[in-house]
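Shared chain: chain A. Partners: chain B in the first complex, chain C in the second.
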Partner chain A sequence: MTGRPGGRPLVPAYLSTGGVARPSRDRLERLSVLTGTGEAPPADLPAAQLALLDELADGSLTVVEAAALLRLPVSAVRVLAAGLVDRNLVLARAPIPPAEGFDPDLLKRVADGLRALKHP
Partner chain B sequence: MIELPDLVAGALTAGTLSALALGGGLMRSRRQQAQQRAEIAALRRQLDGTLHAFTAEVGHLAAQRMPATARQLDRPHITVPGPRQPHLTGTPLGGALEDVLAALRVELTAQRTRIDAAAQAGMRGATREIQAALYRLQDALRALQQRYDDPELAQTLFELDHENEQSLRRAQVAAVVCGAWVGLAREESHLVDAVTGGQARLAGYHRVRVHNHLKPGTALVSHAVEPVAIIVAELLDNALRHSAPDTDVTVNLEHVHHGVCVTIDDAGLGMTQDERARAQRLVAGSEPILLTDLGDPPRMGLAAIGQLTRQFDLSVDLSSPSPYGGVRAVLLVDSHLLSRIDPEERPPAAGAPRSTRRAEPATSSPAHAYGTEPDDAASGAVSRHDGPRDAGGLPQRRRRTRATADSEPAPRRPARRPEEAAAALGALQSGTAAARAVARDGVPERADEATSDTDQTDYEGGAAR
Partner chain C sequence: MACAPSSTPSGIHLPDSARELVKILVAGPFGVGKTTLIDSVSEIRPLHTEEHLTEASATVDDLAGVREKSTTTVAIDFGRISLPGGIVLYLFGTPGQERFRSLWDDIAYGALGALVLVDSRRIDASFDVLGLVEESGLPYAVAFNAFPDAPRHYTEEQLRTALDLDAGTPMVTCDARERDSSIDALLALVQHLIDRHPPERR
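Here is the complex of A and B:
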């Protein structure tokens, strides 16, 4: 799982999606969290989608994490995930927004106040 | 006085006698001369005739027989005409004329080989450069694919990558035909990756259906990876080219007694007996390849396969028709070219089809053995004589085994519900807090170490996977 163990990959990324790079839904972002729904996959599921589903069987993953595990570019995983979401095999959740930055002035004033309390 | 007349008479007699004799000799010689003259005239006529015939024969040799002999070297169906006068065969002249043709043939063959070798060397040099440049381009394209994920850009990059793969394939095949090395060292790889990699090099790769019936982890030794990928790509290219665009080309990967068999079936028109024989001769790789034999534009695919089968001890068979009506190509990879990769440690590429034998490890546990063994035994037996049965029903049946294997993880799924993940994280937090509280109270550092250990493993277990 360390990047490209085999040097130049034998199987190019486009093969995994059948040459498609435009996902069927565009709400998936790099940090969208993918969770398997646990439904049994149909028999005609493409190999790459099955591989993604297998990775999700052990727990939720973000799109980038899945891309790293499958050794595929994010664009390909997005297409695969979108296909699985369409088939109701995977749930996608929007990325958790980063917490709002604190006001440094406020923090400084609090720290000053605390220091003032400590050394009266 | 008496004596004189005697003398005269004697002289007269002698004179008469000699005159008679002379006259007779003269007559005789006259006759002889006339005879000789006639003979000479006859001989001259005969000589003229022979000379004329000889000239005509040489003219025939130059105008008809020599060009035909030269043409026959690259077009064996051409027949060289015999001498103009059939009675010459067997005579010294006929033999000498045949010697001329034989010498011509030897010299032309030598020339042809020399010129072809020079052409091959030139092409080898050029294709090697092109191949290296295309690999650099491939690296650049793949780096871009990793870096940018805008769908429109990614689509373009995918298309460019595919175009590049196709150009690379052509350059590589031309190089291989000209006797060059495959141009790329690979490490041990899954066999299904090599097959899928070969598939990806073709324009019509969407039409290829790969059914992988190999044990997971079946791999190729490093030096066989690229040759197998090239051979599969060329066989698939032939299959795709000679079948209708709305039909599939089926690839089956199966174990056979002494190796692995890659069977490629198309539903095209098939080949005539002559074409089949020619193709079989080319892929066997037993004859040296001349570029002039490959036609214009040169059909390099089969010749490249021939080169590779000879160098790498692989074997390709095109002699049997496919049950789908087209051609069946069978690539046999001998077991000394096979190895094993742990599929858990290094899984095959995501795009490579899964093995239909995923229930394999279960055979070791006796509880499942009854469920899985018969199917496995059957597939092993059938793969030996992969006849129409294989093409008919088996893939479906195997697919069913995969479906059951896939439905297996379902019972394990609820363990990873979000609520449970939250509970696990909560437990982790409270555990960490408790341990920190203990550490703060002055308990030895070992406890702290232990905590950070569990912390790490929990973290890996929870988030990474």
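Here is the complex of A and C:
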């Protein structure tokens, strides 16, 4: 959690990335899963990247969840996360194992899971 | 395997079991009940991101222009449901106006499909959304959110004609405030997705 009740975003979007407008890596999706590697962050890590790393201290988050918590646009979090991946501080994983695609079995499991949620 | 999560995920961090993350768009005009539906089924309090809308041609990954005064923002709500077997289903409330096209494309990337919410008191407000969904090629189902004062005299045929829907597009009525009703609407979409994929020879 951000620990900052109410108030403005931690960093304005246009400053958060240090002026970098595009992520340095292949596309991170909204649902790419970010996990901290546990490596100690270097002292010169920009504040916004550190803030993202802090959010990952308690567990994994998707890009979009991190954006919501940090109150930054998804586009900014993509840039920040890519920087952290470059520094080996964060691992990013695609939402679905690449080979899987939309196999009908996945859809069926989604349907079964939804049915199981309904009250009897 | 229907194993219950060993512990309720605290806060919004992903459960360790999360393996496959999928998303469905809950699309519709402002005020149609997208957030209500998401809230009724989400395991987390719905979150939102503030998305910057630059001029129509701007790509979402490009922050250039964020500083411009002309930039407007739109809040995109989303929620999450953990299903057995490590599947996590995300629901993104997606506004459907034409001016949100670049944002739409970004959110729709990799989505299973879209549940288009329609208010039968103002069907014309949903034309833009249906246009975007169809152009994006995303499979969809239509759910009429049952507002108490919604007209009940339309037949299914009339509604289908008014929205210019294919005969194969599922059309259901739901009460977005009710969890089970919202789940049924989502199931109508997922069943439609399954039916579109005839079983393959393996």
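Definition applied: the second predicted complex is superposed on the first by the 84 of 120 C-alpha atoms of A that agree within 3 Å, B and C clash if a C-alpha of one lies under 4 Å from a C-alpha of the other, contacts with A are read in each partner's own complex, and residues count from 1 in each chain.
FYI, contacts are C-beta pairs under 8 Å (C-beta built on N, C-alpha and C of every residue); 3 or more make two chains touch, one makes a residue touch a chain.
Just so it is clear, the model here is predicted, and its values are computed rather than measured.
Chemist: Which partner does A:38 reach: the first (chain B), the second (chain C), both, or neither?
Modeler: In the superposition, A:38 contacts chain B only.
Chemist: Quick check for you: in the superposed arrangement, does A:96 touch first (chain B), second (chain C), both or neither?
Modeler: Second partner only, chain C.
Chemist: Between chain B and chain C, whom does A:30 touch in the aligned arrangement: first, second, both, or neither?
Modeler: A:30: touches chain B and chain C.
Chemist: Looking at the overlay, what does A:87 touch: chain B (first), chain C (second), both, or neither?
Modeler: neither
Chemist: Looking at A:71, would you say it contacts chain B, chain C, both, or neither? Reply first, second, both or neither.
Modeler: both
Chemist: Report for A:47: first if it touches chain B alone, second if chain C alone, otherwise both or neither.
Modeler: First partner only, chain B.
Chemist: Overlap the chain B and chain C contact sets on chain A and report the shared residues.
Modeler: On chain A, the residues that contact chain B in one structure and chain C in the other are 13-14, 17, 21-23, 30, 58-61, 65, 71, 73-76, 78.
Chemist: Can you list the residues on chain A that touch chain C in the complex?
Modeler: 1, 13-14, 17, 21-23, 27, 29-31, 33, 58-62, 64-65, 67-69, 71, 73-76, 78-79, 95-97, 100, 102, 104, 106-119
Chemist: Write out the stretch or stretches of chain C touching chain A in their complex.
Modeler: It is residues 2, 9-14, 16, 18-23, 41, 47-52, 60-64, 66-67, 78, 81, 83-85, 87, 89-90, 92, 106-107, 109-110, 112, 179-180, 183-184, 186-187, 190-191, 193-194, 197, 199-200 of chain C that touch chain A.
Chemist: Tell me, which parts of chain A touch chain B in their complex?
Modeler: Touch residues, chain A against chain B: 5-23, 26, 30, 35-36, 38-41, 43, 47-48, 50-52, 54, 57-61, 65, 70-76, 78.
Chemist: Show me the residue ranges of chain B that touch chain A in the complex, using the header's touch definition.
Modeler: 135, 138-139, 142, 145-146, 148-152, 154-155, 157-159, 161-162, 165, 184, 186-187, 189, 193-194, 196-197, 199-200, 205-206, 225, 229, 346-347, 349-354, 399-400, 402-403, 406-407, 409-410, 412-414, 416, 418, 421, 462-465
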